[in-house]
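Next come two complexes, and both contain chain A; in the first it sits with chain B, in the second with chain C.
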Partner chain A sequence: MTDVYQRDIGKVMINAFALLLVLSYALPYVYLLMTSLKPAADVQQIPPRFFPETISLENFNTVLGTATLPKAFLNSLVVAILTTVLSLVLAVPAAYVATQYRRPITVLFLLFALITRMVPAVSLGVPLFQLLKTLGLLDTTTGLVLAHTSTAVPLALLLMAAFFEGIPKELEDAARMDGCTRFQAFAKIILPVMKSGIAITALFSFITSWNEFLYALLLTSESAKTAPIVIAEYNSVYGLAWGPMTASAILYSLPVIIVTLVLQKQIIGGLTFGAVKG
Partner chain B sequence: MAENRFVCLMLAPSVLFLGLLVAYPVCLLVFNSFYEVETITPHIREWVGLKNYADALTSKRIADSGWRTVQYSVFALFFEFVFGFCAALLFAAIADKSQWHRTIFALPLMVPPIVAGLLWRFLLVGQIGILNYGLTGAGLIDDPGDIKWLSDADLVIYSVAFADIWLTTSFVALVSYAGLTNIPKDLIEAARIDGANALNRFWHVTLPLMRPVIAVVLIVRGVDAAKTFDLIWIQTQGGPRNKSEVFSMNIYQRMVRFGDLGEASASAALFLIVMIVLAGIAYWKIWRPSHD
Partner chain C sequence: MAEISLSNINKVYGDSFHAIHDLSFDIRDGEFMVFVGPSGCGKSTALRMIAGLENITSGTLTIGGEVVNAVDPKDRDIAMVFQSYALYPHKTVRENIAFPLRMAKIDKTEIGRRVEEAARILELSQHLDRKPGNLSGGQRQRVAMGRAIVRKPKAFLMDEPLSNLDAKLRVQMRAEIAGLQRELGVTTIYVTHDQVEAMTMGDRVAVMKAGVLQQVASPHDLYSRPDNVFVAAFIGSPSMNLYEATLDGNRLTLGKDGFEVPAQVFESRPSLRGSTNRKIIVGIRPENMDDAAIHPASAEISAPATLVEVLGAEDIVHLNIDAPWVDAGDPDAVTEIGEDRSAVARFSPKSTIRPGDIARVAIEAEELHFFDPDTRASIW
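What follows is the complex of A and B.
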């Protein structure tokens, strides 16, 4: 009897701990959301309060009323979409042959992708700046897309390679038996089967670009500036303008969080399975 | 041989792309590191051999920023790992009912780093940082002004890591959780029947089986922590008095603020080599986990 009783207490304790832990992790972001909903004057009140006394959209109106932030959001969106498309076009075919037609060169290629993931952004940023300058692509969407794709492609390659591992070679053989060329088999038979894997890879490429800061800081100055750069500039331009800063931080991060919550099962699978398989 | 042509055609676009945008810049980086050259006028250059490397290796500011990178990474990694692993054990203990816990816990995972940095700066900063009011309320400190997280020169390199810990504990937790659920139940049951208590079961069964997962987590997060730029930049821009300047920030400053492309390239090349060697050693250990 006592044993069962002790186990119950143990279970309650574990549940309580887990809940406490989860809540304490969510708390900072909830506070950010609460702060953005305060009237601008209350944001920096001393002592600070967790919940707003009155709910106000003043901070959101301020940042959306300027020309800079909406334009930066548009830039971010365009860059992220183009980066995603380009990364998929480059990585999906390569990952396919790298896993289904294994030979020394494809193994070497995947190893190169892996090493590329270790390269610090700042080390590549320095020469990329010079390269884009030579090509006349500094402060352009094209230039930033190229830079972001160079980070997204290795990630997309490794993710897609892991997904293609699960496909039996017989699938392509069967398609070829029916008279498809290798390329037709890939385009018409294999790709449709890989829809969900491609979707997850696309999402990760998108987020890689959407969240990226250092390249955007180095390689853009005015017309191609993305959202994180503009948000960071509230630091210096407006001194300590915490109100607009929290509002733009919410606008910038909430869409990604909502998408994540909706697709969380697939995303967490994508994030963790590479590591666990290793 | 049609097969080989197919392989080449499918590989070619990404090989060309990575060649132009990764391999070529790396060569350019190494090339630049042997020259005295300024960021705004890369066409005017003078060969100086290994001088940039010698300068980088003897500069106190660079050595300090390198040491700070180690302090930051070790501190962040330690807490991320302890918190994340404990969370994973908790979630595994309540198994099926942990679905919602894990969903909420995964939230920081998708927060952009600069938002996490801003958020934590807001929690810690001067008079309005709510954390110190919380600590005062809990009776841990006497006055909210007692701890100056972001302006205390000795403390700042650890304070800026809070955002990192908050942001990536979830990654450690979710990966560890996935690893824990892969451990066969009957192994643990067998140990229980043999009379091993909970601590012994953890130490002799769970932990050894989790070794590969732990190693991957430590490498992936270790590399990321050492590369950190945006998270710290947004909180302090390296201040006060460069006391939170890590290595990547030092490279950025020398290239952009001081316009010294040659020296920045030499440090960036050194950084690259150290990261690849460290990751290589670590991967080697994982690939051959049986060789103790």
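What follows is the complex of A and C.
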């Protein structure tokens, strides 16, 4: 009797704690959302209110009416998609070879991928700037895609390597015995088996590029500028345009939130690496 | 269908680990050949070289008369069944079985017909549209077999295909695979480390140890005429008991006891005469020993019983024979704590021997095995 009672208390405590944690993470975002829904005039109201008195889409209309933001959104989208595709094309086969044909050098290779994740992005930004300048790729979508790919690939490599660890080497052997070349075995059997792992890796690569700020700031100026830069520019020497800024930020966060919600089962499954066992 | 021939095949992993040494033998067309040996002896390596999944370091491999050392696995026309089954988890049973046919660009209606037929033979017809993840171990095993048989390949290679099944299913599948092979008549190489599987399934059995072929022979010959100490101990369960003894004329001295070796033994093993007056390894199978109180024999020794396992049909009696015990060199051999080095005998269930008793043990001396203590080879 007391046991059951104590277990219930424990459950309530854990849930309360989880709720508190979620609230503290969510609160700034909720505040962002509330602010974006206020009429332009109420945004800088003193004292500030949490909930808008009247809900208005004025801020959203403003930002979508400009030329800069929709263009920056498009740039972000193109860069993120190309980065994702390029990262997968590079990382998926590399991770497969590194895990399935294990040699000292492949272990070293994965270790290097890990190390590049530890170098601060700023210290790579300057050489990257020089590199793209020499190549004439500053302020181009291509240039930014290459820069983003350089950060997305190590992550994709490590994720995919972890997924590939979970599939038996005999799967490729079986396909080869059944009449496949090595490449056919990879394309016809291994890739389809790995599709949820690849989806998760794609999502992470996409988000890496979508959220990236520093390289976008350093390597683009006008035509290839992405949305995070435009959003930040609302806070300019001319003042802080809270309304448009919050509205843009909300719009920009929506795709990621939607995709994450849609894929949440796969993401959790994938992150616990149970996705391909069967 | 084809014969497979290995000649002086070697495998070196990396540049130092010599996994297979000069492996040579022929597998006849339609034959069921079993590779058996303790874990790590190179059975899978040998099989994978035949499959083409592993490079052959040196030597010649021919399949159906054609040298295939450099031929890709896909072009060898061989089907393989893996220990883990390696079914394609994203494909249904039907698609799994059809896959090799689709790769061979066989026409759709023909594929459908052959998949149905394989499914019928393997009793998988009701499961064709399920995914491997939803099948039992035995069903998965059948799907793996199905994928191999639909193709009508030149040969089947099977690497411990039953080791993931429970004991009862294993016995059933053992019979089914052997039956299927006989029916299809396809040359088959079957790898196992279970000597019972090897003996019951194989037309011939190749015994390997540490990358070296020990003997290739029919199950009956392996049992009755083992080439060396290792094969003698590896084949048969419980294992043959091996002790150092001395042969002096016709008299064999085993520890404190001794008895006459019958003349017929010297007739069937002429070289044994040359081994008199010196140390020799004598092998006694458990089934050639019995309780002398029940089945007396001219050759008799006495030894204290340390353990008696009553199985109903027989009593397994562990005996403490006071002669130097010989290690057969099987790394997988079970040596029970405190019981290692004891001899094992299969006594009639009528025996009343209990642990602690001194047993009078009758030995069928005509069935003794003799080995050279230096070369460990049989003396014939």
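By definition in this document, the second predicted complex is superposed on the first by the 243 of 278 C-alpha atoms of A that agree within 3 Å, B and C clash if a C-alpha of one lies under 4 Å from a C-alpha of the other, contacts with A are read in each partner's own complex, and residues count from 1 in each chain.
We adopt the following convention: contacts are C-beta pairs under 8 Å (C-beta built on N, C-alpha and C of every residue); 3 or more make two chains touch, one makes a residue touch a chain.
Bear in mind the structure is a predicted one, so any value in this text is a computation, not a measurement.
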In the superposition on chain A, see if there is space for chain B and chain C together, and answer fit or clash. fit
Figure out whether A:I55 sits in contact with chain B (first) or chain C (second), or with both, or with neither. neither
More residues of chain A are touched by which chain, chain B or chain C? B
Determine, under the contact definition given at the top, whether A:V107 touches first (chain B), second (chain C), both, or neither. neither
Going by the contact rule set out at the top, does A:A41 touch chain B (first), chain C (second), both, or neither? neither
Just to be sure I read the superposition right, which of the two partners does A:A174 touch: chain B = first, chain C = second, or both, or neither? second
Chain B versus chain C as contact partner of A:P192, first or second or both or neither: second
Compute the least Cα distance separating chain B from chain C in the superposition and give it as a whole number of Å. 8
Overlapping contact positions on chain A, where the chain C interface meets the chain B interface: 276, 278
Considering only the defined contacts, which chain A positions touch chain B in the complex? 11, 14-15, 17-19, 21-22, 25-26, 28-29, 31-32, 35, 44-48, 50, 89-91, 93-94, 96-98, 101, 103, 105-106, 109, 112-131, 133, 146-147, 149-150, 153-154, 157, 182-183, 186, 207, 210-211, 213-214, 218, 228, 231-232, 235, 242, 245-246, 249, 252-253, 256-257, 260-261, 264, 268, 271-273, 275-276, 278
Touching chain C in the complex, chain A uses residues 168, 170-171, 173-181, 184, 189, 192-193, 195, 276, 278
Would you mind writing out the residues of chain C in touch with chain A in their complex? 48, 51-53, 72-74, 78-80, 82-84, 86-90, 99-100, 103-104, 131-133, 147, 151
Looking at the complex, which residues from chain B come into contact with chain A? 2-3, 6-7, 10-11, 13-15, 17-18, 21-22, 24-26, 28-29, 32, 39, 42, 86-87, 90-91, 93-94, 97-98, 101-115, 118-120, 122-123, 127-130, 133, 144, 166, 169-171, 174-175, 178-179, 182, 212-213, 216-217, 220, 223, 226-227, 229-230, 233-234, 237, 248, 251-252, 255-256, 261, 264-265, 268-269, 271-272, 275-276, 279, 283, 286
